[in-house]
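Quick heads-up: structures coming right below.
Shared between the two complexes below is chain A, which has chain B as its partner in the first and chain C in the second.
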Partner chain A sequence: MTPSTRRLLERALPKVFAWLLLAFLFVPVLVVIPVALTDRDYLSLPNNGISFDHFAALANWRAGWMPSILTSLGIAVASSVVATAVSVAFAIGAWVYVGRWPSILRVVLLSPLIVPPIIYAVGMVRLWSKLGLLDTWLGVTIVHVILAMPLAVLAVGASLSNLDPRLVQAARSLGARPETIFGRVILPNIVPGTVAGAILAFIVSWDEITVTLFITSRGIVTLPRKIWTSIADAVDPALAACTTVMLAVTIVGLILRMTVWDRIAQRRP
Partner chain B sequence: MTSFQRWAFCLTVPAALLTLCLYVLPILQVLALSFTEPTLGFGNYVALFHNAAIGRVVRTTVIVSAVTTVLTIVMSYAVAFALVHMPPAPRRVALFMVMVPFWISVLVRAFAWITILRRNGVLNSALVGSGAVSEPLELVYNQFGVIVGMVHYMMPFAIMLLYANLSEIDLRIIQAARSLGARPVTIFFRVWLPLSVPGLAIAGLFIVIFSLGFLVTPAILGAGRVLMVAEYISVQISSTLRWGVATALSTMLLLVVGILVALAMRSPALRAAFEGGRK
Partner chain C sequence: MSFLDVRNLRKTYGSAVALDGVDLSIEAGEFVTLLGPSGSGKTTLLMSVAGFAKPDEGAIRLDGVDITRVDPEDRNFGLVFQGYALFPHLNVADNIAFPLRVRKWDKARIAARVEEVLNLVGLDKLASRKPRELSGGQQQRVAIGRALAFGPKILLLDEPLSALDRTLRDIMQRELKRLHRQTGVTFVYVTHDQEEAYAMSDRIAVFHNGGIVQVGTPRDIYRAPASRFVAGFLGGNNIVSARAIDGGIELFGTRAPMPEGYDASRHGRSALTVWMRPEDIAIGEPRPGAIAFPAVVADVSFVGSSERVTVSTPDGQELLVLASLATARDVAAGGKVTCSVLPSSIGFMADE
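Moving on to the complex of A and B:
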């Protein structure tokens, strides 16, 4: 082996390997698309031409996909609003308050990011069955609020860490009352973090499956729960159609995030 | 306390009440139940160590988690290392290819892998069709399938953590090594790798923690044949109703996670991320 081919190998091989791994990450997800377009009525690749029937089945109310989508949307919007409101209040309070309390509370608040959700599921099944909140809107929404708060707190906290504390000092020295400072000085300055937090909270609730699986049965069927049972049955190609739509939404969202959001962020100094 | 400070304190109260009453308390109750259900004492823990079925579940969990972590870290490091060296345009494409699986639901990914790996799935059809194998391979509903799915789930996390760590490395150190005549392989093993140890440690700990308590992917791709701790707990609380065993296993899992986090918290970077707030 000549030195130049050796150098080429040293440079090219890692690159080829990395792109193969990127393909391993990205390509398998795309497999749901051809399955969604199958012309047969069971999970398979298209045989004689493609068909959009399974996408139509998604819209069919009695097939159960639409009710699940609406259930998930409702719970995700509700838990995102509550989680964001509580997290914004906490993040601002913790940013202003002097003392150990906020940093201790922050560790507890962020712990759902690390504690395996199955442990929380065990606890909540017990608590909700005692309080009669199993399989109810309220029960699911509360759990989703708790699970969504960590990411909302992190997003709002990131926005706050860019805020100049002298702004608050200036407002105070000019005699602004506390509610004015929180509402008209701090809040308008952390809008980007709040929006990001709300979106993250929505996504957490929309995707949540582990705890939801245990605290719901027939009454509340969120979309992840519907997908879960549908995977277990392993027949209906509407499952592939549904996952294809979710994939499309994710890709569009990411492209927007990578283009539009960055441009907005650049405009705000 | 000034009225301003009192206001700030009040703002933290709703979050505090929510997490304490509806997160911390239910989990404390799980810990308590492991000592009281069905009878008071350490009976559940004695049973854990004498039950052959639970022993098998723990062994499976440890093996699958260990293999997943090693594979995830090695493969993610290769991607993160390449990302750091890419020009901006291909890097955007590569990051996009990492972020799509990162954001897509874990259920969609598990379903995609079932479609690919099952007996009459995409991969087996292609292999049999091309004549590479005569019989379809058993690729899923076994440890292999579970590990493929888990590595695929963990890699985007690990790549983002490692990429953040590698981008912070001062490139002038690399230039210095090169100008002193070090060959690429030497630079990699003597400069890049030692400087990546903190990132590798954090990513590794996260992956181990996520793997040990993972329910969805092992349950779907294992289909009951690769029983890991989380799925075993779920069976105990939803079908056999052995709350004592379920809560004792949960407590052990929480203890292991706690020890791992305590280890991780010795890293200043992670501690800062968790405590954050006012500097």
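Moving on to the complex of A and C:
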């Protein structure tokens, strides 16, 4: 091997591997797009031109996609709001009252990150069947709140860890009551962490499948459950159309986050 | 009845005694410093006055009214923290306006008062800056302004200058004295730095092991420390042993008449502990009436305004001497010198 080809290899190889890795990550995701445009009735690449029929099927209420999307949206929003509210309350409490109890409680709240969902699911089936919460909105939402709590607690806790706990004492010495301290001192300083926590909690609920499969049957069909059953029972290309829409929403969200948000952040120093 | 009256205050954290029956009276408009090493109880007393530490026993009275159980937000005392504890999301003016908005003052009155406070603490040009855009000294001014804005009866300061460098500390000490004079507010100041205490206080309360061991003006405490601890803590003091023999004193192997102020029942009958200030010891020709003794120079270090000379005495004790540059000119380590101290400069320690 001549030195020049050697140098070329040294420079090119890492690039080749990097691109291969990126392709490995993204190509399987992108493949849903042509599949969604197929002109046939089963999951396949387009044969004789493209068709938007499967996107139209998505909008058809009786096909079941829209109800699932709305169900998932409702449960995810509710879980996110509840999980974030509880996490903010807990994180502020643990921030003010440093000690043994907050750290024990923190481990309990973070345990869904450690316990495998499948074990958790088995336990929840037994508990929910006793309490009559199987296949109910409430049952699913409670489970999603518990699963979303760890990320929300971590996100809110991270933004609080940069805040001096003596701010509370300072505010009290200046005459502020607890509600003023919460609203005018603590909250304005943890907005970024709280928003991040709420988004993470939403995402956890939005694509939760393992536990949901165990505790729902016909009554509550979340979007991941609908996708799961449609790929197991049928090979409906509407599935690919649905994931394409989700992919588009995600990409648009990311682009907005990177352009608009950063510009707003720059304007506020 | 004094303005702020602390009676028999006791506070324990588990088995640790933070305050062991503390009594302290502070007059309106006074600048009182609580001075002591860390863990001596000075901050616990300050936090008890602020309302954040709940004493186990005892009472705190303000103008004769018992406030021991009053919540901190109802006490109307300003509090300045070591780390400033400014609200990071609010600018300077809004930080200062915070206690006024809490009190629901109307807008025009808040604006006028904020303007006034900004001028008072010298921050009128930085009103729209955020705390993180300010230097340590400027942040400290905001903290003081915020704590003074609502016209508190007492300003409590918990080691506010300890994070600043020396030059800035000197400037802020003068600023605090000026603010104290200008506002007439009672200042209660916690520090472990005796120079800071000397420079600003009307009176100093020296803390040790959860109790006040001496209260007095800076000059009284400097000149007549009440105990070995005070003399040692205030720093730079020579604490040495001597002996009482035949109605006289043996100091560094030299016999002399017993100085005034000796009381055998309090200070001991044979072995004595005495203190003397480094600047009260002379090198060279003894002054009339002084107790003179030979010594060997162990070390000389230049501290700017004077030379710090460490000497060993014939009975093997070390002594710190502050000598003027002129007298110390011929002094070098290893050299023999004559030192002397006037009997009136010798203080006796209680036998502990």
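Criterion: the second predicted complex is superposed on the first by the 253 of 269 C-alpha atoms of A that agree within 3 Å, B and C clash if a C-alpha of one lies under 4 Å from a C-alpha of the other, contacts with A are read in each partner's own complex, and residues count from 1 in each chain.
By definition in this document, contacts are C-beta pairs under 8 Å (C-beta built on N, C-alpha and C of every residue); 3 or more make two chains touch, one makes a residue touch a chain.
These figures come from a predicted structure and were not determined experimentally.
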With everything superposed onto chain A, say whether chain B and chain C fit together or clash. fit
According to the stated criteria, A:Val185 is in contact with first (chain B), second (chain C), both, or neither; which is it? second
Contact-wise, after the overlay, does A:Val86 reach chain B, chain C, both or neither (first, second, both, neither)? first
Under the stated touch criterion, name the partner, chain B or chain C, that contacts more residues in chain A. B
Determine how wide the angle is at the CA centre of chain A between the CA centres of chain C and chain B, giving a multiple of 10 degrees. 90
In the overlay, answer first, second, both or neither for which of chain B and chain C A:Leu163 touches. second
Examine A:Arg172 and indicate which partner it touches, taking first as chain B and second as chain C; both and neither are also allowed. both
With the two complexes overlaid on chain A, what is the closest approach of chain B to chain C, counting only CA atoms, in Å? 7
By the touch definition above, which chain A residues appear in both interfaces, chain B in one complex and chain C in the other? 172
Write out the stretch or stretches of chain A touching chain C in their complex. 163-164, 166-167, 169-177, 180, 184-185, 188-189
Can you tell me which positions in chain A touch chain B when the two form their complex? 7, 10-11, 14-15, 17-19, 21-26, 28-32, 35, 43-45, 86-87, 89-90, 92-98, 101-103, 105-112, 114-127, 142-143, 145-146, 149, 153, 157, 161, 172, 178-179, 181-182, 203, 207, 209-210, 213-214, 224, 227-228, 231, 234, 239-240, 243, 246-247, 250-251, 253-255, 258
Going by the contact rule set out above, which residues of chain B touch chain A in the complex? 3-5, 7-12, 14-16, 18-20, 22-27, 29-30, 33, 75, 78-79, 81-83, 92, 94, 96-101, 103-116, 120, 122, 125, 152, 155-156, 184-185, 209, 212-216, 220, 229-230, 233-234, 237-238, 243, 246-247, 250, 253-254, 257, 261, 274-279
Considering only the defined contacts, which chain C positions touch chain A in the complex? 50-52, 71-79, 81, 83, 85-89, 98-99, 102-103, 146-147, 150
